[in-house]
């Protein structure tokens, strides 16, 4: 996050470089059940992000010494395709990917009823196919849908959204340009109906007051995405014996 | 295989750059039982190729999870010495070596009676000490002798020879220069008395008709090498109670 | 060891570049029990060397196939901190570190009563925090104290010191400058009261006679360090029911 | 080191049933022996890539992204651009794929696709030279397998070809000393050939085109043949622990050549 | 791939006892919930480093060594020096640390320290440029954990800050073409901010500053907040498999900010 | 990390028998204690190498190939060529060798051979400089062990020396800026010393020259001493978990020195 003096973040009308208002999310499309071999899967497109998540398990774990006697092991990999970024990414895992895999796993741990499946593993593979800022949040949002699609019991859906500060203002859901040149970026993941924070990272510069504001905004934005998640699941699993809501359409699988 | 316009492959008499006719093999020397510690071994010199093969096993397999309940595991490594090529090769295995190890293993799989030795491994180590084109074929020819020397029961000897196209003509047993600058190279391995193809790779440019011609030539060349293989084995294991053929000589071991 | 013509090793009085006489050790400080989590530990400062050694065990060994049925496994790592040398050292283990780990382990093997602890491991971690020549010897001297601090039974303390040849003279305990530009360096480790050589390496140029002289000097120097080792242990473990010697002070732990 | 893989868990009974079906010229999914699965192509779906295509061949899904930049040429081809093919079998694609460095399967896949493209001279590498010996275009073809339902090679060749056909090269100005600076705009990457591969599986004595995963798990061997736009063979690769007769191979060169011609026509329709 | 670690061996009984204590506002080592352990700093103890500091936070010992040299800048920041943070959890520090390449714990530690330093602009990277695009200062911050008794992040930030404050840069003359030669002498590395992190552990409903190893082994989660000299937040990192409420986080930003201010004052006293 | 190897499977009974034999001054293969095995040398057998030699010492076979090219010098020795020694214990040589990166045994072997060559100044590295600081000859000495029957160090030193004695350097023209182009022809690499190593094994109280594999498997320790053409010591390396007395070492320096002189004379005969 290096602030350049020449950078301007807002147009004459106070709109952001991609035409959004300060508290506006990027356009989001969610699709559930997009892969055949995975136990569960989801695709998220959020602005310029395109991320595919596949979940396998609960299944037998190899090597066996990773098995836990009283719960399922959770394994999580956040991984970027070589062509997902401007300069080709080398296929070997970077330190950044290793850290993000860890914080995502830790965000999912409190949500999954791992105690139902002792000695097994639940594997969450997050493949970033195209990246344009905020991929860890998009990845968590999709991972949660993929877990639901796999039938893994969870306390609630997990949903994530970043807030931050650009050009002196607190904004929602930063894109890559805002992340790079803005003053602060703060990814947040929450359990929406319990209002619990599962992931929180921040880098940049915020006063304590700005932090309060940014946290509230990230949670508010997350809740909006939560509604989209629920709709995506409903669309994917239409319940025939209940009167169907109008917007339910058969999702391409 | 990049064709250069200036390259000439034949002299005034239509002979190749090393003096051979189109369907002529490079000079081949085969020696069996050249290493003390290996269960079986063979050395092949074919033109500028010098390749040593050692076979170990059937023996216990480590790690044990590689053991197969109803057959022996076959393990095969094709490996080039750093000094075997013009520009020193780094000792770490290259992608090329990995692929060649696989196709050689797959060429040997149908030949070995692996079902006689369940839960064991038979290890085939091919060390290319000097390379001058067609090393995978020379390696297979020698590996088959080393397996025989180790007493591993086989359906037949495996023998391999490349054919290809240089200067518009179908030729046998390409050397490095012909492989690099010619139009096509096609390594073939066969079970000679059953006329079965165990390995087939090709890169370059052949019409379907040229492919037929090249395949026939590679098989014909392989069968000539097969005779040399059998002689090398006879030389190495003279049978004293039968009237010995004249050419049987004691091989240096 | 490349001799430069311009290099001068002695001043007008015949003293070495750090003011020492030919047979003089660098100043040595030894501290025992400096780490909390290790079973035993020691810090050595010898001239510009600062080396920390931690010993763990005897303890369970992982992976289990390294367990030996009739003795403890000894594992030893000599490792340099990135900032311990003039040009930052990459954290990955170098070939030099691998070799030194081996010769140090082999120097400790004859000394530890490994037969008392079958199927366990004793791990010796030598961390070079600052290096100025002769670190393998300093490391051994400290490792021996750390083993004693861990309560691992030993036949005797091990002690090490290099001798060598600089500017045509046999000298004791070479510093980095003398090691780099001098004519020979010879690290030696011994069992002092049995007069046995546990480690011996040499590179440079010595006549057989000079070798005799250098070996005697290294052993003589080692024995002086041995006295310091014993004092460091006494200081660290004051025996209250015996009349304490005056110099016994409580060591900071 | 290449190691015999552990056997698939399919019972010999299942295999027997498949062989009986094949004896009658039928396949598990109802296809004829020489019938390939339908395929779809979607291009330009990755904004960060200079070219991209996703191919669905039955339920097999392969995504290829092209990254193009500049770099130094190889010393032995100072006047040629660099084309590199890489394949990742990412673990979302199959319960049997694992994380970690590429294994022999991924390496073989990448190398067969590489040869199919390279030997057919799909791009003129000499046109990708900026300053001889100093600066050339470097093009990465990254194969990303998203769902594995058999025949990854053919799906990958299709996706790589489609992605390259849609690739736009960033423009550069280059100084004699090899210094390169980006200038605005893109130019199309010119494709001079359309290599299409066809993989044939062998189960018992039956030869079947475009094997599905179910078929791959019991098949004895496979042979991949890549044909160029003129119907000539540019690359071949036999795989598996079984054998082919010379007659089988000679016959295949004709039938497979025709089939790839149909596939090429279909692809042209799909991504014109 | 990140994997659920195997559980600590502490019995649920032990955990219950700790929770009871915490219910009464007490901790195992007698501290109050918002009380950090005392720390000591020793600087300039590594002669081969351009800067060094060893911090003892309770029984946790972290040594940081700074190596400074020259190298090429990153292509996207041609006029800035390079600052790199690396952490090694060497096996002398804990029976649970192992030899081998850094694992996710060490990587997270290095990256959180890196962000704490970088985001607070502890050094002006533009002042570390020698020849734009060609030669810049390259500064390695190597974190070496010598004894692990909990809260490695805060101890490492303290040690890294202290070491940088004592760092002396070797002087160089640089030619336009990027050729650099060492000249005699050193200059002080100018520090323009003093970032201090505070890590808070959560056990049940209790929040406790500067958790010890005993506490870490049973805590549900942790949150690290790094404050600059003005009391603003520069970096945050939540860890662990538990959760925080928004109220907890908002309250913490205030109390932690004050606490880091005290720590900063104490550090100034110690290494002035 | 160096780890105690698992014990050889030789029974203590076998060891006892060997010790008894040694007590009578006899060895398993009938040699005297200070008798080395006969050796043969074949040179120039690898056409792609700039120099090569295969040494058979008893049944131990070591092949050394020399590759010579050009590259940059090390920053601290800008006017010296680069000599690099590498060893591979390829798995054909012994049922106990494995594929994979070199382990401590191979690394120790390479480093002891390296020191034997380097410390005796076998080649004048300054004569291998083309353009100071920019371009020098880079010589790779690759040790390839083909059959392991004991005493790899001595066989490798012999093979490396022989290969270097037969090495022909390709000629280059070099410009001031370090640009190097191959010109036709070769020149002989000038050897200015002939280092010979002798390794002595110790079993119980007996010292035996040139231990065979059978002896290595039960011996307590070994000491390698490398002597130059003048009879001076250039390198030493003790190995194994046993000890030597100072008297043993002092005596060995004399007897081993004489023995290496005989070996050197024999080598001169073989490859003149």
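Note that the chains are named A, B, C, D, E and F in the order they appear, and that numbering of residues resets to 1 at the start of each chain.
One rule holds in what follows: contacts are C-beta pairs under 8 Å (C-beta built on N, C-alpha and C of every residue); 3 or more make two chains touch, one makes a residue touch a chain.
Note that the coordinates shown come from a computational prediction; the quantities given were computed from them, not determined experimentally.
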Where chain C and chain D overlap in contact partners, by chain label: none
Chains contacting each of chain A and chain C, listed by label: E
Graph separation of chain D and chain E (steps between touching chains): 2
Copies chain D and chain F - rotation angle from C-alpha fit, nearest 5 degrees: 120
Option in C-E, C-F or B-D whose residue-number contact pairs overlap A-D by over half: C-E
Per Cα centroids, the chain farthest from chain A: F
From chain B, the most remote chain by mean C-alpha position: E
Distance between chain centroids, defined by C-alpha means - chain A, chain E (Å): 27
Cα-centroid distance, chain E relative to chain F, in whole angstrom: 48
CA centroid of chain A to CA centroid of chain B, Å: 53
Chain E, residues touching no fewer than two other chains: 1, 99
Multi-partner residues of chain A (each touching 2 or more other chains): 77
Ring of chains, enumerated from chain A in the sense that reaches chain D first: A, D, B, F, C, E
Chain E contact footprint on chain C (complex, rising order): 35-38, 41, 48, 50, 52-54, 56, 59, 77, 79, 81-88, 91-92, 123, 125, 127, 129-132
Touching residues on chain F, where the partner in the complex is chain B: 45-49, 52, 59, 61, 63, 65-67, 69, 86, 88, 90-95, 99, 101-102, 140, 142, 144, 146-149
Partner chain D, residues of chain B touching it in the complex: 1-2, 66, 68, 70-71, 73-77, 95-96, 98-99, 101-106, 109-110, 114, 186, 191, 195-208, 211-212, 215-216, 219
In the complex, chain D residues that touch chain B: 1-4, 6-7, 77, 104, 107-108, 110-111, 115, 118-119, 221, 223, 228, 231-246, 249-250, 253-254, 257
